[in-house]
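Single-structure report; data block below.
All chains are identified by letter, namely A, B, C and D, in their written order; residue positions are counted from 1 within each chain.
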Amino acid sequence: MPVPLEASANPPTNAPLMDRFRTGYRWMLLARMTEEKIASLYRTGKIVGGVFLGKGQEALSTAVGMSLRKGDYLAPLIRDQAARMAFGEPLLDTLRTYMGVRSGPMRGRDGNIHRGRPSEGVLAMISHLGAMVPALAGVLMAHRFQGIQNTIGATCIGDGGTSTGAFHEGLNLAAVERLPMVVVVANNQYAYSTPNTRQFVCNDLVDKALGYGIDGHSADGTCLQSCLEVLQLAADRARSGHGPQLVVASLLRLTGHGEHDDGSYIDPLLRKTPVGRDCLKLAEEKLLANSWATPAEIALWHSETQQQIEDSVAVTLREPLPDPAHEDWCALSNRHLAEG
Amino acid sequence: MPVPLEASANPPTNAPLMDRFRTGYRWMLLARMTEEKIASLYRTGKIVGGVFLGKGQEALSTAVGMSLRKGDYLAPLIRDQAARMAFGEPLLDTLRTYMGVRSGPMRGRDGNIHRGRPSEGVLAMISHLGAMVPALAGVLMAHRFQGIQNTIGATCIGDGGTSTGAFHEGLNLAAVERLPMVVVVANNQYAYSTPNTRQFVCNDLVDKALGYGIDGHSADGTCLQSCLEVLQLAADRARSGHGPQLVVASLLRLTGHGEHDDGSYIDPLLRKTPVGRDCLKLAEEKLLANSWATPAEIALWHSETQQQIEDSVAVTLREPLPDPAHEDWCALSNRHLAEG
Amino acid sequence: MITYLEAIRAAQAKALRDDPRVYIYGQDVGAFGGAFKATKNLASEFPGRVLDSPLSEDAIIGSAIGAALAGMRPIVEMQFADFSTVGFNQIVNHAATLFWRTGHSCPVTIRLPSGGTAGAGPFHSQSLEALYAHYPGLVVLTPATVEDAYAMLLEAVAIDDPVIFCEHKYLYYHLKAAELPSEAMPVGKARVARHGRDATIVSYSAMLHEALAAAEELATEGWEVEVVDLRSVKPLDTDTVLASVARTGRLLAVGESFPWGGVTSEVLARVAAEGFDLLDAPPRRLNARDTPVPYHPNLWGTHRPTAVTIAGEARSLLNF
Amino acid sequence: MITYLEAIRAAQAKALRDDPRVYIYGQDVGAFGGAFKATKNLASEFPGRVLDSPLSEDAIIGSAIGAALAGMRPIVEMQFADFSTVGFNQIVNHAATLFWRTGHSCPVTIRLPSGGTAGAGPFHSQSLEALYAHYPGLVVLTPATVEDAYAMLLEAVAIDDPVIFCEHKYLYYHLKAAELPSEAMPVGKARVARHGRDATIVSYSAMLHEALAAAEELATEGWEVEVVDLRSVKPLDTDTVLASVARTGRLLAVGESFPWGGVTSEVLARVAAEGFDLLDAPPRRLNARDTPVPYHPNLWGTHRPTAVTIAGEARSLLNF
């Protein structure tokens, strides 16, 4: 039986880079392979609705998840399978939500990337981009009111999402309150089909930090080491009272916007530039080059991960689907105040 | 009979500073005295509803109006009595709107600062701050579609207004479209009672320009010359294809938020700092110091302006108020599609 | 005597006092005490718990949602109900869906200073209860009395679900009571504000008082009109409305909002569907006109229903 | 055969061709042709007139308003109707009030891909026609046929007022017609989609087809059910509805949106108030349930009305 990776086994943030890189690589692998499985379930009609994957963004997303500790909050966005897992969301939560089974955290009521467990520190995103930024700020205000110290929150957003009013208002509010929040922009060059040139015209999205009076950091989103280092720095600064931290990472979405989309609008030349490299491949190369892992070890991780996913899928496929007759159809927690 | 100042008599923008300063001073004076009259009408119950004045902001607002030409668009905000007048809005439009008479541009349907004449280049603001930024951008998009060249648009907003999502989205859209738009932030240190410290934490609001990839300019909002120069520069750059221009001027609101408010929360020390100076007094001092006007001339301007205002108020007070029986109560221009 | 506005302030003070999870957030609610003074002195009485926000409705509400998820009970003040349209998405798509989606409740209270006053114009006069009531997952309260303003606001804060608290600006100073109630009817129950047997007028918020004045006027003509105060528009207490119509056989619903799809249309639809046989005459409704709320008092006075127009409509109903 | 979606594309092409004031603006509407391909090829056919916007609904609509004021006729696509809540303020407070306030019309057309499809979930399934219809100053269209999708979109662009064009995503591919109409009923008129004498079902958009299927089913049981397609929910053609109820004496209104205050409540309220004596039985309505729209098809299938539940409700009505 493979031993599944657990967030509680993340090396401490001051552990040697090698340890953190090895763990990071395994989260990336788990996220990538999980999403490949989800894509194949989607293609065979086992998953209904949208499927939005994080291929090419796992290094960044993993680093976000690993920068957090128990008690922190994560407000993941579309392409954060890796962050979720590295922060502790169980694989079964992912699969159960995609399959819409009753046992999942969303019980078939909401699907795919909209899952979350607010009481365990994972907010459940609404689709409206930008909306999670002020929500996470509110969580951190709550911690301040409650005297909870040393917790931080991290959230992700895309290049497109930076154009929303919600992003702006939320980030500014967090800056005014000097909240310990890390806002990570995954600049993957496109918002759906819309290229950066139609989305913003500043030289670099990190230039926005100045205008909010907060720290800005750039990361190479294709490089796990860069992401780990930058996210750790940002998390440390947030945790030590330096207010919101804006991290901008450059990378490329290595898949369609969703699985219904072939991404044919993506400029093929971009694939040839540094942002177009596959972070997972790069990480694997680095593991080998630095002798941080042997080929055999990596092969074992692959097969263990594969097994873990297959086992969880097998479980999920047997679980009962939602049954309208057993739904309570009540949108309020106060049943007596509900209508109809 | 005094000769009323007309926007068409604004000196060309390349005229000597003295000429532009003299005209600018007269607009400031007209705006200040008009608003003083409005305040007194309000106090005597002749005006119902809100009265929001621009005292202390006339230099900046005048410079905005004078930077525009016929064919340009102005999207004024709360404290832009001066910009409106310098751009050509008749004094009667102001008074008629405040008094709510039928002959005004808003016919009693909307009041005070919400007036406008879109077909003459003055947008009619809605209260929701920030909303006019994208609207003005749209006007300029229209001009581009229509092949209208060399027109620009200017709009104003407060320090508080920069925190709105609408401001952010609108400015970013304008930047992406590289529209010839001047966005003027009157940083008057407060949004209603809220001091800047609770509104933003960047060092200077002009730092936001970088994050939008647009030009930023700072002006001394208490100094007519600074405002004229900076606004002219910004307008020229917008007109010559350099895209949106962000102008941030520092000054102090020298009155309450509205006439119902005594502004007692304003830090009295601010009055003693450079931002707290009265731009009208400074301009008058400069006129005299530079011998750009004689005391007698200035006195004449005062009395002529006073007379002009009294005459217009007298006209307005005699005009019929709206009569519900003669209202068509129809919110659509297609009457046949209206209900009820 | 305590005003409707003071009752709202008192309820907030009590909530802050009794429950450490409560805080207040909104524009100018701190030292200034709010545009209408509904939070006057609270910032100094409860240091650090009554905070001025940036001019960012979407983020104000978004942050309150996050704080509620993390165990707080935020009270958010919109400076005017009309500005809640800028925070609309967070209310209807985030706060309102959370419990159903995640099983985690979202106890935020959003105070909306609502309704028309003379000279306020199109953007400072709106009554948005119907918008919020349309969405699942929200409780929408519309107190018409000083007692309800107090008791229902306290209940709003105590309730685990997001509550839209529509307080009427016209009532702020106009309405006074001798004292604050120590208990009150529960949220979700309508109240018969005046008993009668000839017709039922259903109303809420400021219009209740116009309806009561109309009933008074009609009493001088010998009509006994029953007036029902909905108190809460979602849930809407259909039972109490039907019971009244069962007694009177005649229904007039009165609201201050726009005519299409408001509270009055919901009331008529329910009575027609569930109490058809109780009706001795076609039910009627009276709303504001289908235009923005006008600025000038001359126009405003005929834009919304008044005691006079309500009495007129009721007379036609009574004489049917 | 041409689909509902193709009709929408064709109408936009024609509008662009016939009127130089028309342009299209929205996320991914350019080279990509839109999330649903409603603007496919239009960017290359009409260079410079079909533009990708930033991810900024508020600014998209705000800019369209400004452009309309300056003489253009923008067509704006929201990627999903649900995201229009982020641009809500510009629609209801800016576009909708301009003509009344300034006398200057504001001819923007806002296309809202609306309604539920299997698996779309709470944020990609909403039907917001009631929200927009509530506000004065907007025309709200809900085409249910390929012909109407085409003709009404052309009319929407031609109309001087802001139009909310609710196109149903479920109909995009499911609905086909032989050809595009050369003329059509004017906006604001409802249509009797099926004649009958036993009861009237009033519906619109995708629910019309469920209602028609229900009528078909009921026909096998000997019932002749009339089905009215509202086409436009604001203005709402009360006359056509009343004329039908006058023939049948029975009314069932069906909508896909949330139950509180939707189109069905407005229909019932009007018929009860203006056609009370025409009714031989209590009017009924059927809406979605009062929860967010569920993700899983099992739940979604029972969240909204279907031919089966409509037929069931109609049967109770017919047997009353």
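Here is the rule we go by: a residue touches a chain if its C-beta (ideal position, glycine included) is under 8 Å from a C-beta of that chain, and two chains touch if they have at least 3 such contacts.
Quick caveat: nothing in here was measured; it's all calculated off a predicted structure.
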| item | value |
| --- | --- |
| Partner chains shared by subunit A and subunit B (touch criterion as defined above) | C, D |
| Smallest number of contact steps required from subunit C to reach subunit D | 1 |
| Chain whose Cα centroid lies at the greatest distance from that of subunit B | A |
| Centre-to-centre distance between subunit C and subunit B (centres being mean Cα positions), rounded to whole Å | 36 |
| Inter-chain centre distance, subunit A versus subunit C - centres from mean C-alpha coordinates, in Å | 41 |
| Where subunit C touches two or more other chains at once, by residue number | 53-54, 56, 58, 82, 85-86, 89, 93, 96-97, 100-101, 122-123, 136-137, 234, 236, 260, 289-292 |
| Residues within subunit B bordering two or more other chains | 106, 109-110, 114, 126-128, 163-166, 169, 172-173, 176, 198-200, 330-331, 338-339 |
| Arrangement of touching chains [line / ring / star / complete / other] | complete |
| Parts of subunit C lying in touch with subunit A, wherever the complex brings them together | 21, 23, 48-49, 53-54, 56-72, 74, 89-90, 93-94, 96-105, 136-137, 139, 159-161, 187-188, 234-236 |
| Of all residues in subunit D, those that touch subunit C in their complex | 82, 85-86, 88-89, 92-93, 96-97, 100-101, 122-123, 130-131, 133-137, 234, 236, 257-258, 260-266, 268-269, 271-274, 276-277, 279, 281-285, 289-292 |
| Subunit C-touching residues of subunit B, taken from the complex the two chains share | 48-50, 100, 106, 108-112, 114, 126-129, 160-161, 163-166, 191-194, 198-200, 265, 321-324, 327, 329-331, 338-340 |
| Complex interface listing, subunit A residues touching subunit C | 73, 105-107, 109-110, 114, 116-119, 123-124, 126-128, 131, 133-143, 145-146, 165-166, 169-170, 172-173, 176, 330-334, 336-339 |
| Contact footprint of subunit A on subunit D as seen in their complex | 27-28, 30-32, 35, 52-56, 58, 80, 82-83, 85-86, 118-124, 259-260, 289-292, 294-299, 301-303 |
